[in-house]
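What follows is a pair of complexes built around subunit A, which joins subunit B in one and subunit C in the other.
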Partner chain A sequence: MTGTGLDPHAATPVPRRREGLRQGALGLALVLPPLLVLAFLVALPAVTAVIETLTPAGGGGPTLANYARVLGARTLRADIVFSVGITLVSVAVVFALSYPLALYLRFSRGRAARVLGVLFVVPLFVPVVIASFAMITFLVNHGFVSTLLYQAGVRAFPRLVYNGTGIVLTQVWVNIPFAVLILGAGLQAIDDALIDGARDVGAGPLRTFASIILPLNAVPTMIALTLLFIGVFGSFTIPYLVGGNAPAMLGVTMTNYLTQYLQRAQAVTIAVLAFLIASVVGVVYVASVSRRERGAR
Partner chain B sequence: MRGLVTVLLALMVAVVLIPAAGLRTAGAAAPATLNVYINGDTNILDLWSKSLLPAFSKRYPQYRANMVGLMHGNGGQGVLDKLIAAKRAGRTTDVDLWETEPSMVEQGIPEGLWVKLSDKLVPNLGKVPAEKIAATGGYGAPYRGSSVVIGYNSQFVKNPPKTFDDLVAWIKANPGKFTYCDPNTGGSGQAFVSAAIYRFASPEKFAGNAYDPKEETAWEPAWKLLRDLQPAMYNNGFHPNGNVAVLQLLGQQNIYMASVWSDMGLDFSKRGLVPKTVKFEQISPPLFGGDSTVTLPSFSAHLEGALTLLNWLLTPEAQQMVISDVSGYPGVDWKYMPDSVRKQFADVAKPYSPLPNAKYLADIKRLWHDRVAAGQ
Partner chain C sequence: MTAVLWPWAAGALRRAAGIAALLALASFILGPLLTLLLWAFAGTWLFPNLWPEFSLRWWTYVLGNADVEKAIRMSLMSAPTATLISAVICIPAAYAFARLEFPAKRVLLLSFLSANAFPKIGLYVSIATLLYRLDLMDTFTGVVLIQLVNTLLFMIWIPTGTFRGINRNLEEAARDAGAGPLRTFFQITLPIALPGIIVAGLFAFIAAFDEAQGTLIVGTPNHMTMPVLMYNLVLSYPQPVGAVFSILLSLPSLVLLLLAQRYLRAGYLAAGYSL
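The block that comes next holds the complex of A and B.
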């Protein structure tokens, strides 16, 4: 290649290759910033965290001692079980309340449905901290609910805040709009003709729901469930403010180990364990999304 | 020729000297600005920016003060690093006065960062009890203090407990009417837990710089005591987050007694956030407390101004602001304060126990969570 590259035989392929190169470079340039953010702010810290948990404090080869210590502590095992339990219950309650609401908003045409369609998103615009404090003042002893029950003659008032119940109630309040939006978007995509067709051949509402709507909305449902799980499982503000002292959810436990007990290794180990639990759910999410992608093609 | 040289020299001298002279006069006219670095919560930052510093500038018009607020001590390590770097480079620093925690002062001592304070440099330091200055190694000037005390609602508690054992007995006799905050979230909770520890072990052993986790076996009886108290706590063993949350429970009359910071409790009382019937008292042995100190970098650009400010800080005028603004204890001996102030603080202004050191405190918090809150 000593010439100027103006070989007449090469003239045709060169611009095409340049074109391809330019497009590739543009694509790369567009993808690069998020990719770098992902690499340096997510992947790299995650890898160093995992390495840190496997490195013993006194030096030496990789060991699982940190994990043995964390999983050997009864309080930490209790925190893990509590976190998963609270998350599953919260997701189940959110789902049970959101699905009927999404169905109602999809299939009702009245004014009530329109008003409800605006009202249900309100919690989405309330910061979680404010929602948590609102729930506390609402549910605490001497709060609104207890006063109401007292007036109604109920004297034995159950504890509704500063325990798992409080966390679940607040999570439900905060997460319903999000769940309804995702489920509703899925329901919108179902063709009315399919539902009318089912009715024409004599299917009742239940049968239509079970045979048409539920299967057609399966992917958005999985996405809603997995995102809800990860959101609740990784939450800090609500369990910190509304939860009790012990057992605590892992977000609170991690923060305590890092900032209060000055035990960094333990905090990072708990973080890696939390990540492993969340990644199981992440796999389900990725599988659901890729199934949808394949379906779309 | 010689005359010409003289004239030239005279001109050169004039050229050099006149602006310098001009600058000096300008310097005398414009007040020097002291940079005051303050660690603390909003109330402390307000105390400095709204009360202390304006009053100081009024009293000493030759100085102005610029406050750099370090909310909750955030950025403290950065200030220390900056000071060490300037000291090692042989430069002056723009940090003229710093209110910070003892650990920062401690780290600066081997670097020779601080002025060794004495009543020769700062005459009013003579009014501060000598042992308080000794506790800082002479590198900090205690200008305000507070301790954890027992707050109780006298409407429901006629005979408040006088000792820690009385307090434990009261809690057991009045289930659901006492709590202390989660020690992870506030010093008033740590103080109650430490009091239980000090009930069975010597405070001095855990207050110094020595740290040996083996010593923590001495805490076992305290964990048992606290665990046994759990069913008698508010809401069957609930400990709210933070010093304020406990005061709110006291204010709403959900509980009748709690461990609270003296300055916060008195401040809440003054602002009507707890009923007037809520009183504060120190028990025996006392709950822990401490002094907040200010430290002066020895190579600051305005050392003289900083010393003037410090001396003024220990005058009755400034000490009165500490009391009226944040309900703190004065840094100077109580005998230098007016009678009305001494009367206001009569029930709480008593000696207090030392804080456990940072490492023991971290372990106390963790073990409390495992042994008491999780009940194992």
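The block that comes next holds the complex of A and C.
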């Protein structure tokens, strides 16, 4: 066996110079096609969108007029506040349900855990359009929940759909599997010996959780939180179908500007604003992943 | 609550809490789906009744609809095309990310997350303005491109992880026995990596097939896929129509999942998310 094959994850230790150049060129050539797609479909649209929003309609130098117009509209400001609020509430609820579930699945071996382990993945395979519609039939006034409440003697039905509550409930339904899978993958990587060790020196469950599990699972937690935020914030289908008319989430607002009011410049301006808001958490996400990638190598 | 989490906590309490959580979660997750299923076979379902009057008449209505047929054809053409293009360009790239050393490798691999680091709908609106300039709005190409964006991450990251996990010694043994690099790849590496690639392909296909919001913007009015048509059905048709169509729409993903379930059970699902 040659020296290079000892550890499959180790970088090839400085091969002969020609070989290294050849490999570098081959590697770049192989990764080029998907990178071109990415450049054409993500980078280029994003850059042209920003440039377009800074260019005045009548020609002339760059201006912030588009942003002033969008941010000057009271309804749009309300939509921004609504979007951020709904997103934060959704992420908090998903997280509050998913972390205990991930812990339970990691540390329990019973039949209930096995059933839960299959059950929680179901929404992952249901298209969001169907999920939204299913939630409507379930939650709508005179829907299934109302029927059950009526049969139980309740005559006053809470409004569960076509408002913020509906959006949050549907976001929770759709995002639980994803959050549990990411958190669970992180928990799986924690060595049982560490937890047993903490128990042996007298740490209770809460203490073990706070001082062993939480810090060791910090990176997957950050990834889950940021992806959830970006996912909910950038959603369209759920607020479009399950949400109310006004205030609307930004995804609905920008699509309306593009396809209903035919105001492309406004739509793109709102999109760029959404990018900016999400980029704050996007930075945290990429930093977390690159930290873990470094650890994995 | 914390008692639930620990193997050494009291057994009975743990079991009771587990069962309560199971029931609550089961009704939250399955309730909407079962309601939808009932609606699909309901002729009419008047309010305080627990059960609908069963009938199949909405099925004949939906299956006889020309728009439905057109959308099914569009979906079955565009999603496989996007998945195939994605596989062809991404799998060699994934191999390179896993095995070869080249400049800026880590940054390039991370750049595939960029599609995830933006709010999706904002990205689609920006892509739409670009496609508008290129005269690709309301075309098959435009629809495939939108679906392609959603497949890249799965097709790069899952196979990269799979290739990384393959022992280099196997490949080197084949090389030592005189096989060329291409032969080694196709006869040794690819077969071992196949389960991971199948899972990646499955996720990519589902992502492409279920893509609705971008296609709504780019494909209307003449290139509507099934999920896009679903928006119309939900908003302006009686509930059973949407319910019947939901079942049609879930069929392809469901069949693929059943076919691929042994790979999913083998832990590739979690592996995809631990990347």
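Simple rule for what comes next: the second predicted complex is superposed on the first by the 274 of 297 C-alpha atoms of A that agree within 3 Å, B and C clash if a C-alpha of one lies under 4 Å from a C-alpha of the other, contacts with A are read in each partner's own complex, and residues count from 1 in each chain.
By our rule, a contact is a pair of C-beta atoms (placed from the backbone, for glycine too) under 8 Å apart; a residue touches a chain by one contact, two chains touch by 3 or more.
Everything quoted here is computed from the prediction, not taken from an experiment.
Once the two complexes are overlaid on the shared chain, A:Glu52 sits against subunit C while remaining clear of subunit B. By the touch criterion defined above, A:Arg18 lies against neither subunit B nor subunit C after alignment on the C-alpha atoms of chain A. Touch counts on subunit A: comparing subunit C and subunit B, the chain ahead is C. In the superposition on chain A, contact is made by A:Val289 with subunit C only, not with subunit B.
Within the superposed three-chain model, A:Arg114 lies out of touch with both subunit B and subunit C [touch as defined at top]. By the touch criterion defined above, A:Val42 reaches subunit C but does not reach subunit B. By the touch criterion defined above, A:Ala278 reaches subunit C but does not reach subunit B.
Of the two partner chains placed around the shared chain by superposition, subunit B and subunit C are both touched by A:His142. In the overlay built on the shared chain, the residue A:Tyr240 is in contact with subunit B and with subunit C. Of the residues of subunit A, those at positions 142, 240-241 touch subunit B in one of the two structures and subunit C in the other. Across the complex, subunit B is touched by residues 73-75, 78, 141-142, 159, 162, 240-241, 244-247, 256-257, 260-263 of subunit A.
Remark: subunit A residues 1-2, 4-5, 8-9, 11-12, 20, 23-28, 30-35, 37-38, 41-46, 48-49, 52, 100-101, 103-104, 107-110, 112-113, 115-116, 119-123, 125-139, 142-147, 150-151, 173, 176, 178, 181-182, 184-186, 188-189, 199, 205-206, 209, 227, 230-231, 233-237, 240-241, 250-251, 254-255, 258-259, 264, 267-268, 270-272, 274-275, 278-279, 282, 285-286, 289-290, 293-294 touch subunit C in the complex. Considering their complex, residues 182, 184, 235-241, 252, 254, 358-359, 362-363, 365-366, 369-370, 373-376 of subunit B touch subunit A.
Of all the residues in subunit C, the ones that touch subunit A in their complex are 1-9, 14-15, 18-19, 21-22, 25-26, 28-33, 35-36, 39, 47-50, 89-90, 92-93, 95-97, 100-103, 105-106, 108-123, 125-130, 132, 145, 148-149, 152, 155-156, 164, 166-169, 172, 206, 209-210, 212-213, 216-217, 220, 227, 230-231, 234-235, 239, 242-243, 246, 249-250, 253-254, 257, 269-271, 273-274.
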